[in-house]
Structures are given as structure tokens and as C-alpha cells.
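Right, I'll just put the structure down here and ask away after.
Every chain is named by a letter (A, B, C and D) in the order it is written, and numbering of its residues begins at 1.
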Amino acid sequence: MPSTSPVVLEARGLGKRFGATKALDRVDLVLRPGEVHALMGQNGAGKSTLIKLLTGVERPDQGELRIDGRPIAPESPLQAQRAGISTVYQEVNLCPNLSVAENLYAGRYPRRRLLGTIDWALVRRGARELLRQLHLDIDVDAPLGSFPVAIQQMVAIARALGVSARVLILDEPTSSLDESEVRELFRILAQLRERGMAILFVTHFLDQVYAVSDRITVLRNGRLVGEYVAAELPQPALVSAMVGREVRLAEPVEAAGPARADVPLVLDAQGLGLRGKLHPTDLQIHRGEMLGLGGLLGSGRTELARLLFGLDRAKQGRLRIESEEVALHHPADAVRLGLAMCPEERKTEGIVADLSVRENIVLALQARLGWQRFLSRAKQDELARRLIEALDIKAADIETPVGLLSGGNQQKVVLARWLATDPKLLILDEPTRGIDIAAKQNLMAEVVRRAREGMAVLFISAEVEELARLCDRIAVMRGRGKAGELPGGCGEPRVLAMIAGD
Amino acid sequence: METTRPHTSPPPSRWERVRAWLAWPLFWPLLTLALLLLGNGLLNPGFLSLQWRDGHLYGNLVDIANRAAPLALVSLGMTLVIAIRGLDISVGAVLAISATAAAWTIGPQQGDGLVPLFLAIAAALAIGALCGLWNGVLVATVGMQPIVATLILMVAGRGIAQLLSGGQVLTIYYPPYAFLGKGFLLGVPFSLFVVACAFVSLQGLLRRTALGLFVRSIGHNPLAAHVAGVRARAITIAAYVTCALTASVAGLLVSSNVSSADANNAGLLLELDAILAVALGGTALGGGRFHLAGSLVGALIIQTLTTTIYAVGVPPQVNMVVKALLVFAVMLLQSPEFRAWVRTLTAFHGRERQS
Amino acid sequence: MNALARSDTTPSARAQGRWRRNSAYAPLLTTLALFAAMVGAGGILYDGFLSPQVFLNLLVDNAFLCIVAVGMTFVILSGGIDLSVGAVVAFSTVLLAQLVQRHGWHPLVAIALVLALGAGFGALMGVLIRRFRLQPFVVTLAGMFMARGLATLISVDSIDIDHPFMTSVAYLRIPVGGGNTLSVGAVIALLAVAAGALLAATTRFGRTVYAIGGNETAARLMGLPVDAAAIKVYALSGFCAALAGVVYTFYMLSGYSQHAAGLELDAIAAVVIGGTLLSGGSGYVAGTLAGVLVLGVIQTLISFDGELSSWWTRIAIGALLLVFCLLQQLFWRKR
Amino acid sequence: DRQADRITVGFSQVGAESEWRTANTASVRAALEAPGFNLKFSDAQQKQENQIKALRSFIAQRVDVIAFSPVVESGWETVLREAKAARIPVVLTDRAVKVSDDSLYATFIGSDFVEEGRKAARWLLQDSEGKPGPMRVVELQGTVGSAPAIDRMKGFHEIIDADPRFRIVRSQSGDFTRAKGKEVMEAFLKAEDGKIDVLFAHNDDMAIGAIQAIEEAGLKPGQDIRIVSIDGVRGAFEAMKAGKLNATVECNPLFGPRLAELVRDVHAGKPVPKRVVVEEGVFVASQAAAELPKRKY
């Protein structure tokens, strides 16, 4: 790809091997000032690994890095930062115990001239300023961990923007964000591009790629497929470059159709609520039904899901599972009744990073069976293998610790864990976060297939299009209570209108 | 707990086989123990000899194993507690309480009947279980930090034991009781059977049931385990109860061995030794990854250190320094980073010599 | 329209269960309130308990504990632990006494050496912990054996100090009004708390310590000097222990290898009671002072009682700790 | 009123680390809880800091007399000066303290640890009269650095080192406990291959533990290995009665009544001797049977 513009960051022949996995195999990457460069590839293609090599988190086995033509070998993120590379890593990697303001300024605090101590007033002011750029108005003194992932992600982005860098790297910055925030982010990226910054950007949303990027580098199985000019690469060609074969994205799975009234209820919540978190809410889900739950950030979707699963204890209302009145004190109670929940915070509430893929997959089923009824190793292996295949999880083998999997594949493992329990009701809180397009289709197809077999699904998603397409019925949350319900297939605009509250 | 034995995959090249051994979690602790014993044998030729005397084995090795038994037991329990991200510093006090309770139950009697023996064992175990329950509830239900929760029993426990004993060293004159701590079965100290029994049953519980998986999931990520429906609270309490039970069995062994219960001194500083044993055995003190067998080896290493110091004739004022140096050496030997560092050092020197 | 700008949420209302307690100053305030309650109870129960000097004696008698606990706070905030502090205190007293009494050094020179050795010893343990990825518990436990062992090697029996400089500092009483006084050690302890609080709250090092305790990987990815800070933490703790040793020497006017036995546990307890999480990343140095005072007041209540037998003394200490921790837990939960 | 006539005594005990100590506490408490006294008792859990805190609280409570058994000899200067400034007389029990100014305490009642070591050695010399050397002696020391351990060792060596027949082949700390005493003795027996003639233990508990180790090694304590220890607790008399222990040097903890007298005198301002020695003897195996029923601790 001939190009005359100067090069800021250049990687040549980068390779990285983790044990038996060749995560990256002689990959080249060129970033130019004033360009947004998208890095694309399926889950486990090596995108995050490449970024870790660029920023000194990991050392490459082979290849070289240059900034402005000078070779560099960053040994730590600190060195990379000094060399002018500012990064948002895939997992929200900030300190939950520190305040938002501190997270924004850690490592580059403004000091008071007199004593050399940190000037907290300036930190706070600067933090508010930075967040205002992203139209985020939150208490900057509250610990970061008290905010949902979406906000943490925004803070991470704000931190990266706050560094006056020459290269900005964003690894799946938009996975937890909803449309308006994405738009906000892109507006800022455009400004930075104008100022001549080089931006590397990873996402699994194709429309986002075309919305901002100038160039696209595609990786597949750790190898470089090619570098393209975005405008010259049609979407189907991009997808086949990523997947490695012709794929048609034309036929996404569709809703199973509205539930008939004679189908029994799996779950029936009457006035379920918890003061300060959720107003009393009614919700019914039928057998085999896919119920979507829409709403803005902070509208209370996660809160509702947590109450239904016994993660928080409801203070008001009644809950019936299969017409039996129940009181859930503990997720174990819910699991025993055949409920399952894929939580929104994968890293803290989902995976157990140090346990193997197999153990993560059998964990919930085993918890449901109790400690005496131990699944034999053969059964565990069989179960894990089956789900790994069904969900197309990319792992070296079933004994690999889940923490070593790529982000998307970790997400799939959490889903596999709950599918393994064969639940009556599966609650999915943003299940497709960080999953590539092909895998997403695959995954939702599996969920829909299970729904057709009788499993009820409560599906929370920030993607309204997905909700409108896949669900039999959509409930919309607003202001920590239910705003209303819409039938499936009513179309995206109506859902959006109800979410917005007009 | 995954003591993944070195398995030989289809084409087992020699180097691969060595690598598999090196990756075996018990390899370094065992090597350390072997080196210590070997060093002792060189310094003191009689050290490793075993004799058959009065119908049982006799020698330093037997002493080490027998002396290590209480520590080994407690380390097993401590391993569990540490595996679920806890810590129990009350084990020494629990040991003292149980020992005193047993001695108190027996009282001044001297007969030969077995009833007092069983009563004493029952009393010790019951009070041990109670202590464990107390700790477990404070940690899991009340939500105190483990070190403070168990500090309470650590401080008050010896007081309770002394209350039972009236501040006396309770001497036990009843012969059957002595069998627990100094009897021999098949020529081997009975206490070793007790340890083996505890190890096998715990290992069985953790390997043959789902408890091992639950324990590790709680240790690595308690929140995720909770969401997955693991009953973390019950398991946490059970771990503390188990730990206290091992301490009370250790209390039986210790008091039986010297035929007396010393409320003030029995099990003093045991908590530190137990945690050290657990750490030397390769268990991560942050929770999750644990090795029961490693903890046994760790206890043996510590006892070997102590016995070495006595056998070599180190003056008492130097004891501590020698122990410290040995512990440092043992830890460094087990650290992969240290070994890598030594390798780079030697490689560097090798290169220098060549040029 | 922006979703977040208009979202109608109350901050940090999400229940994270017990696993993540994002409290700010609540633990500190509860601790102080409970401390006041305990003092009040003592005043009702025992004559002479409420005299200001009794309160000041809490500082005078626990000065060394307070200093050690300040260092320990940093270690625990960074997610580590330091078991060697009690032994380092003992070692410092012995070395200082030996140098001054038996080798005729000037106390100030000896003190400087002792402080440097303490910091160096801590730094060495820090290097072992970080460089070779050893567990802090084990390294500092071995460090504890080492420091006590060295102390015993220097002198088995206790060494009395009668150097005029040492005795005059030891007897010096700083009047604080109303005929009440503080010792030099107590003043040093207060200064240490103030310095520690400033260090933790307003310096890059202090904030890095919090970040490491919160999430070490994240701290590293943010480009913070994680290893250097962690080593400094142990050096600081060693320094504090040596300083406490110096204060202890003034307090006792003697050096003895068995001094400050079990002090590490008291320090850890003080830190934790003061509201710092043992898992790291959350807590305040000021809380540690409160923790020290609480432990001191328990001890004082017991000595004022004068009715308890030896074993009831232990049980009573345990019970008071329990009551205190239960109440603390109750208030934290309530919030 | 009567309360005013009573002498308030603050007594700070070291702890409850041994039977000896418990007996001592019981004796003191019994004597000072008698009419005419008002006792404030405080247990220091073997920590000097705690003891100093206790003394300070006694001063704050304005007791009439302070009595205490110091954990260690040194480190008392400051707090004793405070007591003196508050005009509270101090009586030391059990152990002496090193202070620059003798007037900081009124009197000291208790044993002489060095003398106890000497007594043990003298008994050994006496018992070995006519026996040819060399005799191999092992020593079980108390807790490293503790005053009794240091002094008893000093006294014992003072006498023994002068006699060329005796050779101390091993000396190790047994922490004053039975369990450690047994463990260390086990190691001694193996390291010396049983060739040990005499055991000197710094207290009875270690000797009792060691006796078990000797028996388990197939030897006869009291005959194959002669044993002398210090304290004279009940267990030692039982062992002597069974012929397993040869002698014990008494260290008498029952000085409560004598202490009460001293306290009364000190409070009344009467002159008292600076040093009051407690009556102590050496008991040998042949006396044990007769002596055992009389032992109070």
C-alpha cells in the first residue's frame, strides 16, 4: 500500500508466542499522523496482543518497532507513555479503589510548587474538564469501582485523551457504550485526527469502523491479512478477510414469534422492587419466550436482573418461578430453581480467571448439583468440549486458564457456563460485549435455538437493533422502573422512542 | 491443588520429561527437603540412620516425622482456610484449648479403660469444632477481616484454656491416652497415621467431590463464585471448622506426647509455623491455588530445620539467625525468578570466560 | 441528547455485596466514635480514668506501636504485610544500646546508623519480595527471625543505658497545659502520623501505594512505578520500625533482644481496626492512630479494673476486641 | 471509714506463663486480698510495655504502694521516677531491677537466680563425689535472653567449670516448656548416641519433658542419666518419688505473706531491708515421698 504521508509508529515482523499458541506471527503495522486506523479480526486473532507489544506490556519475540524512524523497545507501559503512546486496554484497567479524578491523573499529578505535593484542587478541576469533553457529569471524588463498566470505560478513554500523546490506542473502547456515547467519542476522535494524532482503534462493530477509520489492518489467527484503505474495502470483503472465507451476513437469526397466551409462565414478578435501586416492577416471561429489556445506561436493567437472580434481595413485591412463590436469598437459590445469569461485568462477576476453561464451564452446573454429586472428569471434559464447539471458543485446550483467553472468548466461556446448566430462564446482561460479528451470530443462533426448545430468555442489550430483531417482546426501562412493553417486530424506531421517553 | 503428576506425552524426549518434573508443584519443596536431610546426613553421619528398637523404628527421621505431625495437621487445615482467602491465627490457642479440655476431661484418673480416652477425644474435637464455628461465623456471617476475627480467639483462647486448667500444667496419668502421641502402630508412630488419615480424607473430599472446585473458585474470585451459585458462606465456615478441628487433633497429639497439657505454652507461635509451612508447600497466600501435600512437605521442612539446629549443636543464641538463613535459602531455591536470575548470572560469567 | 448526563442515578448505589465496600471516611469515623464511647465507659466505671494524663499516657505508652503501625499501614495498603517490625524494633534497641553503652558512640550517630539499617533491611526484604516474587508473609517472617537472631547475637541479656544524652531525652516531658505532659516519643509518634498521612494523601508515592493495593496490573498499565514503590514501602516500614526502636530505647532506656515481642500483630491489628483493608488499597493513616488508641484504651481499661485474674485478662481483651469489631461492622453495614 | 484505712496496693504480675508463676500469683493475691488491703491486680501478658502501662495506671489511680515482678531487669528507670515523683513506694518481687538510683524502690523480695544455678551445681558436685570423670553434661536452657536462663546458667557454670571432670557437651534452649524440653532432649540423645551422664535443666518442666525422652530412648532417667533441675514444682516431686529425677533446687513462689508485711511496713514508713531473701532449699529424691503431700504448687 503506497502512501506518501510520514509514519509515526511502525511495527515490522512482530511475533509473539505464548507457550504453544502463536499469538502473533510476523505482523506489520503502520500508523500515520492524522489518520484513524482500525485493527480488525475475530476473537483471538491477536489484536490485543499486538497492542500489548506496541505499548511495552509484553516483549516481542521477534520484529522491531520504530517511532519516527527511530527504533524503540518499550520495556514497560511507562516507557511507551514517555515515547508518546497513550493507550486504553481492552479490559477496563484502572484502579477501582481510587477516585475517578485520581484514575485520570495517576502518574502525572499536577504538583504544588511549594512542597511538591499533589494539587488536589487542580486534579479535580482537570478531571471534571476532561470528563466534560465526553459529556460525562459524575462525582469525580467517588471511587471508580462504584460506577458501572460503561462509565469506567469512559473514564479510561478520558484518561488516554488527557495525555498529550502522538499515538492513541483504543482496544475495544466502545464495547460497553451505547450509541450516544459512541457518537461523542467519535466526535472527539475526529478532532484529534485534525490535530494530527495517529489513532489505532479496535472494534467489532462494522458500522463504527466505517464511520471513523481511514485505514483498516486485518489480522487472522495471528497473521497479517492486509492493510486496506477503508473507503476501498466493502463490508463483505472486510468480513471475509477477517473470517478467511466467503460469509454472508445477510441472514441473521430472527425472533421465534410472539408467545401464545396458553404457554405457561416461567417467571412472574409482581411489584418487585428495592428502595433506591428499582421502583416496583412487574414482569412476566413465558416458556420459550425471548424478552428483550431496553433502556439507557442507569435505567435499572441490571438492577432488575440482579433482583430476579437473587444477587440483591428484593424488599418489595413477589416473585413466582413456574407459579411457585419463591424468595431468593442467594444466587444459589436461583440456580437451584433453574435460573441462569450472564452478568454484565465479565471480569469481576463472570470468569474465574485462574481456573481452566473446563472448570469455568462446569462451575454453575456443579454448584447446582451440589458438592456431593461430582461430575466425573470424563463428563466435565465432554461438556466443556461440546460447549467450546457450539460457541466456537478459541482456546489452546480445555485446561487453559480462562484469564489467558482473548476477551471475546472469555465472554463466550461465561455464556457456556450457563448454557451448561440447561436453565429454564437465562438472563443475559449484555452478552455480546466484545464478541466478533461472526461469533455473535453464532451465539445468538444458539440462544434462539435453545429458546425454541423451551428456554425462556431475558435479553438485555444496548443495541436496540438487536433487541428489535431478536426478541418476541420488549420491555423498556426508564428511571429505574418499567416504562412499558412493545411487541416483537415493532421496529427499531418505536423502541428507541419509548427508551427516550417520548 | 492440581498436583498434576508429570505425565509423559506420546514422544517423551528426555528434556520434556525433565521439564514435566520441574513443573510438578511438589518438585521444589521435595527437593528442598531432600537437600536438607542430605546436608544433615553429611554433617552428622548417624542422622539418617534408622534402627529397630523395642519393637519400633528409632532415629532422627522418626523423630522429625513424629514432631512434625501436629504442625502438619494444622498446616492441612490452614491450607484450606488460606485457599478460600482466609487466615486463621487462632490455631495455637485452639490447640491449647483442646489439649486442656482433653486433659481436664481425663482428670486425675489412672485406669486402663478406654472410655475416658474417647471422652477426652470427643471433648477436644467438640470444643475445636465450636472454636472453628466461632471463627467461621465472624468471618463469613459478620464479615470481619479474617486476621482480626481470629485474633480475638487467639487472645481470648489461651485465657479460656487457662480458666479450664486453673493456670496449672495439667499432667495426665492415664496410660491409654499416651498412645495417641507416642504410641507406635506397626513400628511407626501412631501420629503419622493420624496425619495420613487427615490428609487422605481431606484430599478425598477435595478431589472426589466438587468441594475442590468450589474452594478454588472462591479463592480466586469470590464474587464470580457467588454469582455462579457457589455457597461461599457455608464453605468458608466449613473451612474454618476444619482448620480448628485439625488444630484440636494436633492438641491431642501434643498433650499426649508429653502427657500433660500446658495452656500457656502449647502451640505457641504455631500459627506462624503453619502459615510458613503452607507457603513453603507452594500454596499462594492470596487464595485459590493450594497444595495439601505441599503443606505436609512444608511442615516436614520446618521440623527438619529445627531438628537440624538441635542436632548440629548450634548455640541457642544463634538459632534464630540460622533458621532465618535456611528459610531464605529454601524460599529462594523455590523461586523460579531467582533460578532464572542465577542462570543469567552464570551464563554471563560463562560467556566472559569463553571470550 | 446524552444518556449519562441526564441519567437519574444516585451515585454508588449499586450493591456490590460485601466484596467491595467503597466507603470513604465512614470506618474512620466509626472507629473514633467507638473509641470515645469506650473512654466514656471507662470514665463511668473507674475513678481517675478521665484525667487528661491518662489519655496522654495512651500516646506516651503506645508511641512505638503507633510509629510501627504507620509504616505497617503503607505495607498493608500496598497489599503486603510486614511481620519483621517487632524484631526490628528489638534489634534497634539492642544495637543502639550496644553502640552507646559498650562502644561509646554518640547517641545521635548511633541513631542515624540504626535508622539507616532499618530502612536498608526493609528495602532488602522488599527487593526479595518484588525481584524474586516471594510471598511477603514468608520473607518478612524470615526477616523477623533474622532481626531477632541478630539482636540476640549482639547481646543475650538486656543492656541498660545511662548515657546522659539518652537519659535527659528520656526524662524530658513536654508540658501540654494543666500540668499534663507528653514524652518525646509521643511527640515523634504524632509527627510520624502526620507525616504518614501527608505522604499517603498528597504524594505520588502515596497514591501509587493505593493504586498497587487496588489493582496491581492496572497500576502497571497506567505507567506507575509499581516495583520501585513496593520496595520503598518495605523500606519505609523498616525505617518506621527502626524509629520505633529508637523511641522504644528512650522509653525503656535499655536494649534487649526480647523487647517488643508480638508487636507486629498489635500493629497489624491497629491498622485493621483503624479501617484499613488487609487486602490493600483502602484505608487511612489517621485511622491507624485511632486503631492504636483503641488497643491502648483496651489495655488501660484492663489495668484500671484491677480485679481480673490472669486468664480473665486475656478473655476480657478478646471480648473488648470482639465488641469493638462487632459494633464497627454493624455501623459499616448500616451505611 | 474502713475503706480509707485500707492500704491500696497495685500489683503487676509478669503473666501466667508457668505453674510457678500461677502459684506465685495465688500466694500474693491471697495475702493482699486480706482485710487491711485493697488489691489492684494487673497481668502483663509477659510484656514489659504492658507492665509499664499498668504502673502508670496505678500512679494515675494514686494507689498507696506499688508492687511488681519485673519482666526484665532493665528499662524501669523512667516509670519508677514517675512513681517516686508521685510519692508512691515501690516493692519489687521475684526479680531485681537495674536502676542508677537505689532510692527508686523501697525493697526487693525474691529469689537469687544465680544462686539457684550454683545450688544445682553444688548438688551435682556433692552427688559426684568419688566418681571418676569425664562426665558428659547436657544443659536445657530457659528461654533465650530471659533473666532466669541467663543467671541460672551463670551460677551453674561458675561452679562446674572449675571441676575438670565435667564437660558440658550440649546446651540448647528448651523454652522452659515440657514439650520443647522433650524435643531437644530427643535430639541430644541421638546426637550423642545416648552417651550423656548428667542433665541440668533450668526448670522442672523441661526436666519432666526430658525424662520422657530419655525413657523413650530406652534409658533410665535418674540412673543412666542423673538429672537436676530448678523450681521445685509438684511434678518434680512426683518424678523424684518415682526415682526419675535426682534433685530439684527450690525457687519459692509463696512469698505473699512476707510481701504483705513488707507492704504494710513500707506504707507505714518503717525502715525495711533493701533485700529480702526467700527461704529456699534443695530437695533430693529421697526426700520426695515425705515432701510431696506438703507441696502447695
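One rule holds for everything that comes next: a contact is a pair of C-beta atoms (placed from the backbone, for glycine too) under 8 Å apart; a residue touches a chain by one contact, two chains touch by 3 or more.
It should be emphasised that the depicted structure is a prediction, and the values quoted were computed from it without experimental measurement.
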Higher C-beta contact count, A-B or A-C? A-C
Chain A to chain C, mean C-alpha position gap in Å, rounds to 42
Per the C-alpha centroid definition, the whole-Å distance linking chain B and chain C comes out as 30
Centre distance in Å when chain A and chain D are each reduced to the mean of their C-alpha atoms: 71
Two or more other chains touching the same residue: where does that happen in chain D? 15-16, 22, 25, 144-145
What residues in chain C touch two or more of the other chains? 16-17, 20, 152, 156, 310-311, 313-314
Residues of chain A touching 2+ other chains? 311
If we use the touch criterion from the header, which chain pairs count as touching? A-B, A-C, B-C, B-D, C-D
Where on chain C does chain D make contact in their complex? 46-49, 51, 53-54, 57, 60-61, 152, 156-160, 162, 167, 170-171, 251-254, 256-262, 296, 299-300, 302-304, 306-311, 313-314
Using the touch rule from the top, collect the residues of chain C that touch chain B in their complex. 16-20, 83, 128, 131-135, 137-139, 141-146, 148-150, 152-153, 156, 265, 268-269, 272-273, 277-278, 310-319, 321-322, 325-326, 329, 333
Quick one: which bits of chain A touch chain B in the complex? Just the residue numbers, please. 311, 330-332, 334-336, 341, 343, 348-355, 359, 362-364, 366-375, 417
Quick one: in the complex, what on chain A touches chain C? 57, 76-78, 80-81, 87, 89, 93-98, 102-103, 106-107, 109, 115-118, 120, 135-139, 142-143, 145-148, 151, 154, 159, 178, 180-181, 184, 276-277, 296-299, 303, 306, 311-312, 479-480, 500
Spell out the part of chain B that touches chain D in their complex, as residue ranges. 44, 46-47, 53-54, 58-60, 63, 67, 162, 166-169, 171, 182, 254, 257-260, 262, 264-266, 306-307, 310-311, 313-317, 319
